[in-house]
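Pasting the structures here.
Next come two complexes built around chain A: one with chain B, the other with chain C.
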Partner chain A sequence: MAQDSLLSDELLRHLMAVGQVDILVGVPTLDNASTIGGVVRAVHQAFATYFPRDRAVLVNSDGGSRDGTPGLVKDYSLDEAGTVTVSHSLRTMHRISAPYHGLPGKGSALRQILTAADLVQARAVAVLDADVASVTPERVAALIRPVKDHQFDYVAPVYARHPLDGPLVTQLVRPLIRGAYGWQVREPLAAEFGCSGRFLSHCLEQDIWESDVAKYGIDLWVTGAALSAGFRCCEAPLGPRVTTAAHARLGFQDVFQQVVGAAFLVLEQHAPYWLPRQQSEPLALVGTPTSEAGEPPTVDASRLTQTFCSDLQNLQSVLEPILSANTLSRLNAIAEGDCGQLRYPDDLWVRTVWEFLAAFHRGVMRRDHITQALIPLYLGRTGSFLIQYAQAAPADVEAALEAVGLEFERSKPSLVECWNQASPR
Partner chain B sequence: MAQMIADAVSQAGANFVESVALFLPRVVTTISIIAVGWLIAILLRTVVRFVLRWVRFNAAAERLGVASILKSAELPPADSVVAAIVFWLVWIGFLLSGIDVLGFTGLQGLLSGFAGFVPRLLVAIAILVIGFVAANFAWRATLLAAVNARIPSPRLLSGAARWLILILAGAMALEQIAVARTIVLTAFAIAFGALMLAVAIAFGLGGRGIAKRILEHQFPEQERSGADEISHL
Partner chain C sequence: MNALPAAGASLPDPLWYKDAVIYQLHVKTFADSNGDGIGDFKGLTAKLDYLHDLGVTCLWLLPMYPSPFRDDGYDIADYCTIHPSYGTLDDFRAFLDGAHARGLRVVTELVLNHTSDQHAWFKQARSSRDNPRRDWYVWSESDDRYAGVRIIFLDTERSNWAWDPESKSYYWHRFFSHQPDLNYDNPAVRDEMWNVMKFWLELGVDGFRVDAVPYLIEREHTSCENLPETHEVIRFLRAKLNEHFTGRMLLAEANQPPELVRPYFGEGDEFHMAFHFPLMTRMFMALRLEDRKPLVEIVERTPEIPETCQWGIFLRNHDELTLEMVTDIEREYMYEEYARDPTSRINLGIRRRLAPLLDGDRRRIELMNGILMSMPGSPIIYYGDEIGMGDNIYLGDRNGVRTPMQWSGGWNAGFSSADPERLAQPLISNALYGYQAINVESQKRADHSLLNWMRRLIAVRTSSRVFSRGSTTFLKPANHRVLAYLRTLGAEQVLIVCNLSSSAQAVELDLGRLAGALPIEMFGKSLFPRIGELPYILTLGPYDFFWFKLRRL
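Then we have the complex of A and B:
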């Protein structure tokens, strides 16, 4: 689509006034009044401290905030950020806020930011998550430097957190991406990333911006697009990630369905790339990781496994067309034991995920029903893992997660066979 | 006297021979129509099955949940069922045409009656198919939503949703083909009303506790998710 139809006249006028830039930092927002001030301050301090000689601009793309977020971006006083910012700056610090047009969702916001970056020919772009309260100038610089100084095209973040935290990432999305794409990305769902002008042009050329992927899974799609199109990718440690309450806008079920649905859609889209790939490689790490591991989650894991046992019985007839008879009978066997001490083995979990992915591809039923049916099984697996490793040292948990990733790689041929037999929807 | 009897018998014989001579070609025509109709019906069945397989009709039936219903009823795959319906409709049409040629007074008008019945039958079949698909969709959607929302007795709830839609579709289909219209309508109204009343009474009296738990479970969702202690992302 032409740039002028994506960017409003006002935004175009602002961008033309700014002219060509070296660095563009984009911040998609929706009701982020509580955190946006800290983000703007961190970005300007990063410009002044780490990139004083570069032409830089901050672009905020807002999804219709009702709490005055765009106004806070425009009116934020740099004096409040301290005299260091102003005194170190060698260039004018530009800041633009504009509402995005098109489908509601982060995809449209990101498209506007990337289009703006393309127009001003930015060499390096960083996209930040306005829900994160722990944005610092160092984090902003960590996303930009690998692109600017090391010619990487895509920079994925690495967060310092306990390995038991974020099980939807560690148990499902991370090993799934590793097993399929053959690249080890720690945070494939991260809303923060850095990228080059070359990569953003590639993204803008893709025909996904009006689809459900853009609406619900744009972060994962960006990761997949970078991995599958042969761009130079790396990871950058950003330290701990502290989010605000606004982050939890959706309930768990909605989040799960959006994440897993988007992951399966993205995998389907990139199938020609990943089907022939074998094993996996780690991404280069640019920066020094911190040793902070964070606190382990305190959760009653047996409640999750009890849920799994009862739900498995109720969902037998829904699971029959999705899972193979062998996998379903093994699941029934583990559910017949002591549900409070349930053990959901790695190989069975991996088979479960692969078979759900193949069923999604075959379209054995409505796709949202398939992702909904995976929820109880995911809770069972998460509960089982938490029971097993609740008292373990972080290094042991990391080793267990590595084993899950390897199991996804090892069993990939069975998915490929299943996938090739399947008739797509 | 004897001559008269002989003449009468001779006349009767002549009449019989004449009748047979007139009727035999009709029988041959009837047999020909039925045989040709049978061949055409078989040909159409083969063509329909081929076209349905080409457009992956069975995969669509699987997605819509029709295949599992057919399987549980020990019926053949969806494409074979549709092909069989086409076969029988065409062949019965030819069969009635053939019988019509015989000219039996009691069987006159069968063909026109059948011709008028076929469209209603097709509409009834369409209503049943749509009913099956809708019932299956409602069953699965209710079951998944109830299971994930931790609502008690999800299978009972989803089964009730499925059967309500199936009964409704069945009643509409029977109404369409005008089978015992009054009885069907009355029976359906009484059964449906009784069912709803029973559900209301059971839920109101016996299920107050369950309703209370469901409502308590549903409404403070934000507070519970905040206290869920685990961040899945």
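Then we have the complex of A and C:
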């Protein structure tokens, strides 16, 4: 076998044996020994309970785990999943574990899974996050059913969580995607999704698999690809998302830079689609949302705002080429007040993000410096929001988040103007 | 020709049924000798050479007794004679002699559970509550005894009790209301049934297919199925059989999962054989799913049976393809895949013959027969399926699979010289399966006809006892579309590899423990590459199958 082959001979042999399938569930892994058993069990129970007549396969694409994850996938006893007594799959349930080749990272794992799905002509694919300890058969089914039963091409998850949870998503990525693409996707960064054979073929045809997007931002790219290429997209409620502590492999700064860098790259790639779009539409919701909202996060908001105030002073020279004079001046003004009671208004935050995006596009400096410079501003905005809504009812927080989304939509023309004037790096 | 010893003489192998290839037929629709439109024993006798030439070794006759025919003869009105339409007892004796002279065993029907309501016993029983026969049936003043017991013929019956206006009480019936159940708690009934058996055994019959076995006894707060007392009745009859005869066989019809059928073999002191109903259903399921799982699962779930016992395995028979003992999901799947037209559904099953079930696809018909003939058990072929006969789902009940045998493309398919309007059942005459297209005469003339292929298949099957008596080990290659198993008897081994899929398949078989063996394909005697330590790679076309004899040369 050539070392650079996308699929190893062994994986090909397995896929040949599996043949054409209706459903493929892919699970990228890296040192997930503590959770993989639960994921495999949930997948098999989903096959047996919800898709007993369908041809189905689980494909684990492993990034070189040293904790025995692939072995656990291969050796998992079906008897353990055999607690499903009433329902019962009519067919052989296949399970494959294979290491991926190519660039390290989630992108290569996903590419292998999608390539395998393409090869076995899977009609519906679900990609799961092996870090999630709360995978259930119902969650697996929720990602597959919209594709299989309602002919959707892409299914984004909706997690039941407190509206103050996940500020990187709620303050930045969600409203950014909404404002740009014109689609309301609650979890555009999610590592779990469902998709059709048609959509995965489209993904595989795109020239991104060797790029930084594939390495750091493949989840967001998949969302953007679905939104921007006219595929039928929907959302599916999955319930709460519980991850293991071992999940936190990277520090916050690295995560932030990877996410924001990838988001800006993806937006740049899909600019021809989103630049002319106005306002936004919600995605269809397929499934029944749960009422669970989760607990609010315990974050020291004042520490975030203090960081904002101190770093803003130090970053003036970096921010000047990125932000307009007006925006920078307003930021400086709010930092001069009581940082413990910082108020970072919606319109200023949206303007900040749009201007960072335009600067990224223009290439005013090294792109990683641009994303790095956004960190203290993001912390300030997050801290400000938490201070303002820490005691608010979840519905009020949701309303405030909706207002942020609307502000991104409302102010989009200024971004478009700025974008069109700029020449890319 | 391997003639059998005369009736009553000791037979060469008392376990003959373990190696049998059984042919199931209905005298009424097989061959009519006197032109009255109804098949008869003289007609059947004239066809014995055909059956011998086909290679089957045992004939199983559907009920041939006097009957009002409200359940195709399973409503017996007299156990100890032949229905006059089929001939006389002398005609039957001549048929029996002819069959034995050709080495063919004969198995007849024994309907233990119930009689027709036209049977003299029932007429007497209902005539008065004081009649000595009264207690030969199961009576009640109310219809709430044995509450909760399932109704088998859901399409026609609303209760297991029927009102008898004559004696003004209810009688118990597990099947049609015109088939009252006999009361096996009454020793006189057991004794009389043994007398019925003895009558036919003394004539030379080689065995009985015993109908509706699980339902002989009723007890409150039970399902009234498979009760210990039912086994007592069976053991009583078997002990009598052993006491008076050798080399005779009892075959149980118990439509139950294999683990519930297993007790009917007892410790070798109840039935010699029992049908394996779920295997049949799972074979059809596996074929449509293109996945060996259902089939492997049911064989592996099948318990061991005593050395002297054997399973009776089949693809189709005179009844519906039963879906009683499958899960709801499985039944829904089978209906959708094999019975889209609701007319083809009856009770909890599908009233179709083999060929129409498989869309007349010769490759699938061959594959299914290939699997049947290589599975553990004695295979049973339903008359007409060896030529791919069709059915008529628009006839009532299950009569659509009981139409006249198609011998030729001529008058009445060569079945009868009567006017077509007089025939016991109408002929199949559609363009696909009509007798002009599907018949014995034309298939005899074509070397590659289904009939001649079946002859070769049966010949290979009967060439070795490894198929009938060998152990079975599934190989389970990664490709689930490929069914592969080893049959082993002593030093003899046969490897069977079947492609359940409609597309070509490659398979890697782990045959390391057979390294050095030389596979010889059993139909064409072709040599295949010697088995080594590495996975043995085979490619199979759509629905292909191989039987390899493994030789150490």
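General remarks:
In the analysis below, the second predicted complex is superposed on the first by the 416 of 425 C-alpha atoms of A that agree within 3 Å, B and C clash if a C-alpha of one lies under 4 Å from a C-alpha of the other, contacts with A are read in each partner's own complex, and residues count from 1 in each chain.
The rule we apply is simple: a residue touches a chain if its C-beta (ideal position, glycine included) is under 8 Å from a C-beta of that chain, and two chains touch if they have at least 3 such contacts.
This structure is a prediction, so every number in the text was calculated from the model and none was measured.
By the touch criterion defined above, A:R111 lies against neither chain B nor chain C after alignment on the C-alpha atoms of chain A. In the superposition on chain A, contact is made by A:L189 with chain B only, not with chain C. Touching more residues of chain A than its counterpart among chain B and chain C is B. Of the two partner chains placed by superposition, only chain C is touched by A:H94; chain B is not. When the two complexes are overlaid on their common chain A, residue A:R277 makes contact with neither chain B nor chain C. Once the two complexes are overlaid on the shared chain, A:A17 sits against chain C while remaining clear of chain B. In the superposition on chain A, contact is made by A:F252 with chain B only, not with chain C. Contact with neither chain B nor chain C is seen for A:R351 once the two complexes are overlaid on the shared chain. Contacts from chain C toward chain A in the complex involve residues 285, 289, 291-294, 327, 329-330, 333, 477-481, 501, 505-508.
By the touch criterion stated above, chain B contacts chain A in their complex at residues 56, 59, 62-63, 65, 68, 137, 140-141, 143-145, 147-150, 154-155, 221, 225-226, 228-233.
The residues of chain A lying in touch with chain B in their complex are 165-169, 189, 245, 248, 251-253, 255-256, 259, 297-300, 307, 311, 314-315, 317-318, 321, 362-366, 369, 372-373, 375-376, 382, 423, 425.
Against chain C, the residues of chain A that register as touching in their complex are 13-14, 16-19, 52-53, 55, 87-92, 94.
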